[in-house]
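Report on one structure; see the data block that follows.
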Amino acid sequence: MNAAGTPGRDGLGEMIGLEITGHTADEVTGRVEVTDRILQPAGLLHGGVYAAVAESMCSMGTYLAVYERGETAMGQSNSTTFLRPVTEGHVSARATPRHRGRTTWVWDVDFTDPEGRLCAMARVTIAVRPAP
Amino acid sequence: MNAAGTPGRDGLGEMIGLEITGHTADEVTGRVEVTDRILQPAGLLHGGVYAAVAESMCSMGTYLAVYERGETAMGQSNSTTFLRPVTEGHVSARATPRHRGRTTWVWDVDFTDPEGRLCAMARVTIAVRPAP
Amino acid sequence: MNAAGTPGRDGLGEMIGLEITGHTADEVTGRVEVTDRILQPAGLLHGGVYAAVAESMCSMGTYLAVYERGETAMGQSNSTTFLRPVTEGHVSARATPRHRGRTTWVWDVDFTDPEGRLCAMARVTIAVRPAP
Amino acid sequence: MNAAGTPGRDGLGEMIGLEITGHTADEVTGRVEVTDRILQPAGLLHGGVYAAVAESMCSMGTYLAVYERGETAMGQSNSTTFLRPVTEGHVSARATPRHRGRTTWVWDVDFTDPEGRLCAMARVTIAVRPAP
């Protein structure tokens, strides 16, 4: 959201090709296509992509749930664990809120490779604050 | 590194504008310019940028230390904590290896804003494995 | 496990009163009674208890799955998030393996308070190594 | 602290033998003796001990800095990384506040074995809230 409280564009999300595929109160889903532009030097999907996707999805999900009551959302911590390398195809992400607190939300994000295997997991804490 | 063991390009690092400014056995330093392309919707530097920078720097630092003995480096976990929003200027990063184990290296990365204040921290675990 | 590969006693687990209530290939369950001896100064269940319970349960679950093939398990990282204070009754824990890798297992542990509400979560990485 | 705002006893800290050896505005130091009572089944210092020590020291350090202005401290997350097994002697801990925010403090804790080698690290986030 910008100064006026209206959500702006997710620059990094767009740059890496994040596509939001679903959004309800209980989950946010998305996916990203593995292209050369988001690999690391060994030819694998760069770990920063998982963290960025998780950050975008959890911030968005929290923001959409709290902005009507005059609050905003800001990332506080992002802990991503990489389980299995991915080199091509789409990686899918599913974010679920595990805790909706007054001042923090905690989300789990599971990432699956094109064969549906868990390839990474993130746990993200989003701070909820009065909108500026 | 690609299949031949030669380091390839860091696609995501290039895309976000990561500039490596120094590299010794005891630290890797870098910086990134805060542009519209890497903001999140509220106009702040996107949290995924910190995680991506940390991941690139720590993977590179580990790889350069182990590849001569036939090993390679692969991110295992990345835990980033966001302390202070940044909206413009350059963010600087300094990565230091805290543990150089046989199978894992653990790094700390401190990020500072243009005024030199700590704005984020990452702890990154890189797996060391025999090169393919 | 001791030098002979036979599991020894879990000193800390016993001291805090950890009771293992179930164990299958897909989960380990346990509980701990909240007594004065494991509180922190404000009268809440000490955060270290959650971390200790998670560590004991995930190490045990991994060890029991790998020791027959001559491997052992050793904690590598433990990340616990505290969601809701608990002051009395029993806290229940359920640990599920999310990734069974060749060299690491990753577990999620959910903790619930006496009313069944999620009060803490842990993500634990256990290294799998050849037994000594 | 108890309901009256007066710090109570650190039950778990006492039980594991935590000794606070120093406290200034910029660090808290402590140590714990490795005894049978706090080992895990393989005969190594239990990972939960590191997490508990870190939690006690960082909560104490934050509490002592904020209680005079009517605030209290409560653990929010604790992420501990285990680097090197310890089987006997004393483990020393040094906690330093890396961020003193209005609503959260973030600490780093380094643990060293009897030979002075880094054996574990913790990053701890403590929430600062109005005292009840």
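Letters A, B, C and D mark the chains in the order given here, with residues in each chain numbered from 1 onward.
We adopt the following convention: a residue touches a chain if its C-beta (ideal position, glycine included) is under 8 Å from a C-beta of that chain, and two chains touch if they have at least 3 such contacts.
For clarity, every value in this text was computed on a predicted model and none was experimentally measured.
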Give the chain pair, either B-C or A-C, that is connected by more C-beta contacts.
A-C
Could you give the separation in Å between the centres of chain A and chain B, each centre being the mean of its C-alpha atoms?
19
For chain A paired with chain C, centre-to-centre distance based on mean C-alpha positions, whole Å
28
Using mean CA coordinates as chain centres, what's the gap between chain B and chain C in Å?
31
Where in chain C do residues touch two or more of the other chains?
76-77, 79, 81, 125
Line, ring, star, complete or other: which describes how these chains touch one another?
complete
Using the touch definition from the top, list the residues of chain B that touch chain D in their complex.
79, 81, 83-84, 98-99, 101, 106, 108, 118, 121, 123, 125
Which residues of chain B touch chain A once you look at their complex with the stated criterion?
1-3, 7-13, 15-16, 35-44, 46-49, 51-56, 59-60, 63, 72, 74-82, 85
Chain A residues touching chain D - in the complex, by the definition given at the top:
76-77, 79, 103-104, 125, 127
